[in-house]
Each structure stands twice: as C-alpha cells, then as structure tokens.
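Look for subunit A in each of the two complexes below; its partner is subunit B in the first and subunit C in the second.
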Partner chain A sequence: MAGTLNAGEGRRAAGLLAPAYLWLTLAVFMPLSAMLFFSFLTAPPFGNEPVAATLANYFAFFETGTYGRLLWKSVKLGLWVTGLCILIGYPCALVLAKQIRGRAREALFLLVILPFWSNSLVRIFSWAIVLRGNGVLERALDLVWPGDVRLGLMFTPAAVVIGLVHSYLPYVILTSYLALQAIDDDIIAAARSLGAGRLTILRRLVLPLSLSGLLAGAVLIFVPVVGSFMEPRILGGRFGTYYGTVVEDQFVAVFNWPLGAALSFILLAVVLLILALSSPILRKGLQ
Partner chain B sequence: MAEVSVRGVTMRFGELKALDDVTLDFVDGGFFALLGPSGSGKTTLLRVIAGFLFPDEGEVRIAGQPVERVPVEKREIGMMFQNYALFPNLTVAENVGFGLRVRHVDRAEERRRVGEVLELVQLEGLGRRRPKELSGGQRQRVALARAIVTNPKVLLLDEPLSALDKALRVDMQIELKRIQREVGITTIFVTHDQEEALTLADRIGILRDGRLVQAGPPREVYNAPVDSFAARFLGEANLLPSPLPDTFAEGARLALPEGAAAYAVRPEALTLTPTPPEDDVNALPGRLVQRVFAGSMATCVVDIGGGGTWKVIDRDPDLPQLPEGAAVWLSWDAEDTIPIGAA
Partner chain C sequence: MTKRLLLTSLLALTAGGAMADEIRVLNWQGYGTDLDWATEAFTEATGHSVVHEYFTSEQEMLTKLRTNPGAYDVVLINAAFTRQAKDEGLIGPIDTSGMKNFDTVSESFKEGELVIDGDVYGVPWTWGLTSFAINTNAFEDAPDTIQVFWDPAHEGRVSIRDDALEAVQFGALATGQDVNEITDLDVVEAKLAELMPQIRTFWSSENDWNQFMAAGELDVATYWSGSAARSADMGLPVQFVVPKEGAVAWLDGLSVPDSSTKKEAAVAFIDWMIDPEFYVKWDAEGAPASANAAAAEALPDDSFNKQVLGDPEVVMRIQFQDPVDDATREKYLALWQGLKARQ
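Take a look at the complex of A and B:
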C-alpha cells in the first residue's frame, strides 16, 4: 500500500491515521511502558520506600511453584471457557446466520448482545444469586424435581466457568456470525445439489469457510479469560485463586505494584507465546 | 439421463402465486429454455425441479418417478448457479470431485473421472488452482464440470451465462451446446435473454406471472405466438390491434386475415421506402423518427399516426439516407402478418 501512495496521499493518510496512533500511544503504549518500568523496581516509585532497579520481581515467579501452578490453572480455565463458548456459540451463530430470517433474527441478536449492556459486576452478582445454595436455580429445580436438590455449584470452579462463559459468549457468536454470513447461500445449495448431507456441508465447507471468525472469537475470549480475576473472586470462593486474582492482589491488597507488573508481563509473554505457537493453525484457518 | 415432467405445479409464497398450475414436459436429452422476465417464476420452477422447493400442488417426475417430495440431495440432479457457487476453499479438482467424494467413489476412480470431465470442458491441467485464480469463463467451466461429473439425470442451469461479457458469452453458448450434445443430458436452463434461448434450446417455454404462456420449438413459438406477450418477448414485434381504431394511420393499405385478437409484424419483415409501394402488399405511412446504423443493418423507428411507433430492421445498405422526420412507407407481404389469438 505505502509504496503506491504519492506524497499528497501519504500526508492525507498520515493525517487520518494520526488520531488512532495518538490514542494508541496514550491508552496502550504509555501505561504499558509505565508498568514495564515499575516491574523492574524494588518498590512503587510513589511510596515512602527508597527505589532501586532490580530483576527480583521476575525471579520471584520462578522461586516458588505457586505462580506457575496458578498460571497453568488460569490457562486451563481459558481453554475450558473458550471451548465451551465455541460449543455453545458456534451452533447458535450458524442458526442465526443460515436458518432464521427477518425480525426473528433481529430479536435473537438483541438477546445475544444483551449481556454487554449490563455492568459486568452486576452480571456476576446475579449469577451468585442464581447459583448459591438455596438460590434461584436450586429453588426452581425443587419445584420440578421431587426431593431436596443440592447442586452446591456456588464457590466451585464450575461457577467460575459458568460466569465467564456467560460474559464472553457474545464474542464467539458475533465473530462466527459475521464469517458465516459471508458464505453465499448458493454454495450450500450447490453442495446439496451434489448430494451432500448437512454434516458433509458443515465439515467440508461451512466450518473451513467460517474458521477465521471462529478463531478470532476464540482469541478474543482466551486472552482476557486467562487474566480474569473478578469472576473467580466472586463466584469461585476458596477455589477462586487464579493467576489474575494474585496479580490483582499485588495492586490493591499487598500494594506490591512491581511484583504485580512483573507477573502481568510474564502472563503477557506466555499468552503471546501460546498465540505464536498456534499461529500456524490460525494462519491455515484464515486462508 | 431422463425425461422430466411437471404436472399442475402451483407454488405459493404467502399471498403470491409464484407458479400457477404449470404443466410442462422436458424430453429425454433435450435442451429446454425457460424464458421470462424477472418475477415470472422461471427460477422458482427450476428450483422446484431441482428439489430446493416443494410445490404446494402438482407433481414432478424425473424418469417417471414422482419426486416432488424428494429433497435436492437425493434427486441426482446437476445444477449450475448464476454466480457459479464454486467452493472457494477447495481446488478445482476438489470442487469437481465433490459430488463423487460424497458418493464414496474410490480415489483412483475419482481422479480418472475428474480428469475426463476437465478435459471435456477444456480445463485440463488446472486442477490444482483455486477458484479465485481463474477467469470468469474458466469458473463457468468448472461449475459445469462439477455439475455433470456425477452423471446426473438432469442438468439445471440458472442464468448460467449472465455474468459473462458479450463476446465470452457467445463462445460459452457454443461450448455449452457442444458439451450438452456430447453428454446427451436432459438440460433445462433459465434465462431472460431471448437470443440465448434461441441459440441454445431445441424447445422453449415462456413464463409470465407464474403461468406458462407457451411452449414449443423456438421457430414455432416465434412464428406463431399465442399472444402479444409471447410475440414481444421472443423477438421483437410490432402490434396491430383488432379491430383497428378509426384514427389509425390514415392512408394505410391493409389486408388482414379475419378472426384474430391482434396481429404482429416482425421488424425484419418490414421494408422501408420513401414512396408508397406499388405492389399489392400491406402498407402503412409514417414518419421516420430515428435511424440507428449497426453494421450490417440499420434499426429505424417509425411513427405511425395513431398506432404508436414501429421498429424496422432495414438490411438494404443501398437505401438512400433519409433524414429524420421524412415521410416514409412501411410495407410487408401478407404472409408475414402473424395473427395472434382468437378474437
């Protein structure tokens, strides 16, 4: 692109891109640089303690196995939530894009996006009310099921997964929907005319042609879920210690910003590494 | 390969009758064109025959078997779509072999038949390309190859050539006809282009508002249209109402057969002269409105007082250049008057 622009067009492009770059600089690059800087300090620079440069915060990660175990727990959580979101969201997007037409589609879309309209904290506490012992879910089941129902979901990893899946489901639905929508209906009609059944069409055409959207949704979910702390804290109870909650503790409870910052950058590095390792698969899907 | 028959097929979309009691036979090995303006129901009829739509009433038979409730994937048809609908994630060979793979044909046999059919459509050696690396004409051939490789009972084409430019379209018409003859498959194709229908088909059916207006060999429909719609839709026609209004072209010399609802005269049957013709022919006076030169012929528009404007195709290159606005005479032989319908 850049090679084909003449000087005038280049200036115009630079002018149009300037607000975006300015925003990126202010909102992403500067805070991240500040955090990176903190992560090499012995104490927060605005505290009373003397401040010196150190690598100790990064070494702390490797000194005990705790951080590594928690990180692995968070990655597993990310995989679970992403997997469930795909299993629930992709069929939903498929039905929205290919089966339902007109006003019904608009209404369903509204329902899909609805979680985005409420404050995430309110959403999580609603789940707490639903899931807790003798809560909405157990009482509802009591009405239809004989005997006393004890699910004991609250303060379990399952509750954390439920809350996170609910929060992030719209991402995979929306990105998959866009990719599925772009598949020409005649392509499916052509496959049917050649004798292909639904499963063959899904496996050989629809899934490969919408994989880009599905993977985009998966990345959008996986990355924040690995670092999530609010859902684990509120819904997980004593099982709710994850990598994200530990990082949060460093900032708000322990007031050890340098360690929190270092742990954050280790998380960032690990997530980038995972994405890099899976990029051959991603790239194949995006073809 | 098989004959197809459609009996009393009616298809409703809500209030709208997309097909209204259509009965048509498609002979084994024939090349049939469904012709009509947009919204006439021709594509709906094709989709009913394909099995994408189940008719509300009536029956569809392929090779004698009633199939009106058989879904498309079980009907053993081949279909070519207007935009080709090639599978963008598969190569040319995988596209063409798709129907064979679905039928669990073994790989060696698949390769052999894909190679054969790619040769038939003159695309040998392009099997490894992706659809986006092909030209429009090549994509068209891939779509055709994919539709016929499974030896379907009938080949259905939905406006197959409309996405191509004029020169390529004419080439592809000849190609399509050659391949259809070679394979001998019953072919039904939908078009709004009457020239294409005349070039390709050995039988045509004209549809209007979901009803079949007329069906038959092109020459028959052209020479004996059942109504003014058929006359105008297949080729061009100048119409004379019956009876003629009093204000109609003063000085006209007409000898028209009795008992028709209207008469049509083809533009190419007309002769344009600056003076009244001597012979004992039908003649109309008028005024030359426009003359468009188009190589081997000129198309003239002549204003007939009280009778609207008539179109004349003039193949006489020696005709003196008449200025626009000049008084002219149109004449034609009695046998070129086409009576339409019964009065």
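Take a look at the complex of A and C:
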C-alpha cells in the first residue's frame, strides 16, 4: 500500500511526518552526532589546546579492567531491576485489565502513574529519607516489631534496586496493561468452557498474547537502568559506582568529554548487541 | 569642612555615577564573595554591583573561563591551578598598587604559587586544611591519629570525599608519605582498599556532609577546616582534628581573567574581600583562614581560625598542596575508580 501513494497523498504524508522527523533530527540526531565527533578527539574542542583525531578514547575502555567490570555490574543491575519490575508489575497489570472494572480501575491506574508526576530527584531523595538508619522505615518497623530493628538498607545495592524499581515500575504496568486489555474476554471464556485451568489459561493464552507489551516494557526499563547514575550515586553509598556514574564523572567532574562520549557509545553498542542477541525471542513474542 | 564635604561627594560621584560597573564573579556557591551583606556594602561604597556564577569543580571553572572569554571579572582559583590558568592565558597579572590591603597579606603566600615571575596572578585570599572531623558523640577523647579511619570500632561509620586527588593524598598521609611526592602508590592503593569496607558512603558537598552527620550516620569523616567551623556553628556535634600524621593545606586566590573589561572594579572587589573588617564578620559565620595577616590578627581569641590554625604546633605539621599535572591526576583517577568499581 505504502508503495502506491499518489502524488497528493505523498505530499500529505510528508507534511504529517515532517514535524516529527525534523524534531528527531534536531533533538536526537544532532547532539548524538556531536557526541560521536567528540569521542574521536584528544580534548574537548573549546579552549586553546590543539585538538587532533584519535581512537585512544575507545582503547581506554580495554586498557584497564575497571570499565568492563563496571559495565557488567550495570548490566546485572539492569537485569535485576527489569526482573523485579516484571514480577511486581505484570500481576498488577493483569488484575487491572481483567478483574477490576469502572471507577476503581481509574483510581488504581492513577496510583500506578503517580510516580511519574513527581521529579525523579525528589523521588530518590524521599527514598533516602525512608531507607536511612533511624529513618522512616526503621521507625515504623520499630513500632510494630518487638526489639531493636536495624535494616541497614541505605547505601547498599539493595537500596539502589529499590529506588530504580519504584521509578521504572509504571512502564511495565502500562505496556502490559495495554496488551492485556486487547485480549478478547470471549477467548478466555471459551478456554475456560473447554476445561482449561487458570494456570493453563495464563501460560498458554494470556501470557503469549500479552508478551509483546511485557517485552516492550522490559526493554523500556532495561536500557535506561543500565546507564543510570543518579540513583546509584545517592542511594548506593560506597557500592554506588556503576558504569553510568563513571560516564557522568567524565562529563561533570574531570571534564574529559571525549572519554565520556566514547564510554557512552560503547554502552550504546553493548545495549544494542544485547537487544540484537535477544531479538529472536523478542520477535517470537511480538508475533 | 566644606572642602572635605566637597571631596567626599566628588568621590561618591565618581564612584557611584561615572564608573558604576557590574562585575561578574565566578566562585563556589556560598564561599564568601556572595554574602549578601558584603556585596551590598560593596555596592554602596563603590557603586559597582556584583553578579555571581558558580562552579562545582576546578575543571568546570577552567572550562567556563575557556569557553566564555569576557564573561567574568573575578574568579576564585585554587593555588594548585593558578599556574595552569596563567599558562593557558586565562588570567592576567593584577595591578596591586591601588589596593590598600595588599601590603598586609602574609609574605609567605606572596612568595608562593600565586606570584609568577614577580607578577601577581592571584591575590592570596583564604587558606585552610583538608583533614577530618569527628562526631563528638562517638568519641570520649578526640583521636590524634589518622588511623582511626581503619579502626574496626568505627566500621561502616566513616566517610571520605568522592575525589581521586583527596583520596590518594589521604592514603599518602596514612602511609607516612609526602602528599606532593608520592613514591609508593601501590602502598597507598592497598591502604585505601583496606579502608573501603569501613566506609558508609562517600560525600561530595558540604551539604551532604552536614546531612550525614546530622542523621548520625557517621563517626568520623574527612573535611575542610572552614566547613568544619561552619558545621559546628550550625550546632552539629563536630570537632576538627589535625592528626599527628599531618594534613594537606590549600590556598585560594582571587584572580582577574585576562579578558575582563572591568579590571579596575574587579581589583576594588578583591581589595574589599581581603579587608580585615569583612573577614572578621565573615569568620563569625564560619570562614576559612584569611591569607591577610592583619585580618587573621583582628580575629577574637576564641575564633576557630585563631585557635586551631593559628597554633604554630599545628602549622608545623601541614603540607601545602603543590600543583598537580594532568598525567598524575589521571593516574590517581584510574586508581580511585578502580577501587570504587571493585565494591
């Protein structure tokens, strides 16, 4: 169909597409290509220092084990957060889409997207107040639990995971919800009338039919979490050094923009590679 | 009488009307030059108004100077960076002949890093120590050694700043080395690796530090002398310690960018900033030590800066921070990032 547009339709399509693509060119492509350009320079191209082209910034990744170790740590963090978000978010979306009707659903939906309404930095600092020693959480537990409660959650990897799960949970709920809602209730009723149990319906019917939404949510979470830097820095304490924080350091602390840019593009390449390797599964899910 | 009145009004006229400039100051936030009462008094006395812009690291400050020529008139530069800024042509020599307070600036600072080939590239303003402070609730007697950071009794209750240079120099002090000439970096790395399990979190700003202390998260943490005075002033149970192993001293100077078009007003502002009258008032709110001997002398006897930093026995133990070249900096950064990555 797309190939057979006549001249008038083509122009109309171009008119409708132009703003979006113009915006993408300006907002994504240009800064990204500037960063790509930086990543091949010996120094940031401002100031009086002469600048030359080099590949050294990319080689720096392999010169020490530090960056590789941190990248693996960040990928693991991404897997943890994505896994927990799916475990918590998917059942929630299922109940929202299939069990609850009317106003209750609207109210619950509002609660789900509530985290999006507050600034992410505010969210993380609230977690810091809740998690820290003698903070809100420990005091609350002290009231209901006999004896001295010392969770010591603040400044641990667990605190980073908690903060990130809270921030990214809505993505998986929203995308799964949309996919689940598209499943016709009659199909489920038909399965039930043919004698399928609840687990069978979930495993063979609901899950495959909503897998596209679930996977879209997982990708939306995994990619930013691997590059996250604010949550680890504030909640992670001495464990809070990840790939994202090192990239941030290069930009704001030591002003080695070329190295920071090169490290970012290596991250981009690794994330794309991970997505490419998992694409057979993704494609199966989307069919 | 009439003559004097005429003269004063003439002075006020020239100061207030004819050459009222707006000078732009580049500094850390909350570091003396942006005190409202001080800038207001300066504006009243000279007619020049003062606008601030802030940086959060020395590298950011240098980048701002490089990328915005002409945008700033006064900039705070740590003595370890003054030579680099001069070599890059970012700052120019300062004509100190018109300054009424320059004569009393301590001679030792005038012989230091800020004066290059007889030209003043930065007016010595403040100095202080990077050492550590304790939570007085956690100690009966203040410790006299830096090894307290490795004491198992304080496991999970210590903090150091997330800064490669400070961390490495801290390790150098703990292993008995000269902070400006670290001969055995491996020993420093091993010592810092031992420190890691003791650390609760790293701190990055004075605000962080105060919050962690106020929440009772920490027993002992590295800190700057002026900031410790400010924290104690806020009512935190904090005591600054200069251990027997010594401490690193730093010197901050006020410089004038070569590209500034309001150099006269800029120098007048710097003169205002090293004035003893300003310093005594600032010290009451918590300030680093003044590089102006007359200003330091004017302090009341119970002032932290006179009591602790004025003690000759303490001064004996400190090592002033030399400039650090880029290669060394990168080496330290790699060491520090490697240590953090292994956590």
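A few points about this structure:
Keep in mind that, in the parts below, the second predicted complex is superposed on the first by the 284 of 287 C-alpha atoms of A that agree within 3 Å, B and C clash if a C-alpha of one lies under 4 Å from a C-alpha of the other, contacts with A are read in each partner's own complex, and residues count from 1 in each chain.
Definition applied: contacts are C-beta pairs under 8 Å (C-beta built on N, C-alpha and C of every residue); 3 or more make two chains touch, one makes a residue touch a chain.
Small disclaimer: the values here were computed from a predicted structure and weren't measured.
By the touch criterion defined above, A:A189 lies against subunit B but remains apart from subunit C after alignment on the C-alpha atoms of chain A. In the superposed model, A:P208 lies in contact with subunit B only, and not with subunit C.
Contacts of A:K73 after superposition: subunit C is touched, whereas subunit B is not reached.
Using the contact criterion defined above for the overlaid structures, shared-chain residue A:G197 touches subunit B, although it does not reach subunit C.
Number of subunit A residues touched is higher for C, counting subunit B against subunit C. In the superposition on chain A, no contact is made by A:P45 with either subunit B or subunit C.
When both complexes are overlaid on chain A, the residue A:P91 reaches neither subunit B nor subunit C.
Contacts of A:G10 after superposition on the shared chain: neither subunit B nor subunit C is touched. Taken together, the subunit C residues at the contact with subunit A in this complex read 56-57, 59-60, 62-63, 66-67, 88-89, 156, 196, 199-202, 215-217, 329, 333-334, 337-338, 340-343.
On the side of subunit A, the complex with subunit C involves touching residues 44, 46-48, 64-66, 69-70, 73, 132-135, 152, 154-155, 237-241, 246, 249, 252-255. Remark: subunit A residues 184, 186-187, 189-197, 200, 204-205, 208-209, 287 touch subunit B in the complex. Taken in their complex, subunit B has these residues touching subunit A: 50, 52, 71-74, 76-79, 81-83, 85-90, 98-99, 102-103, 146-147, 150, 156.
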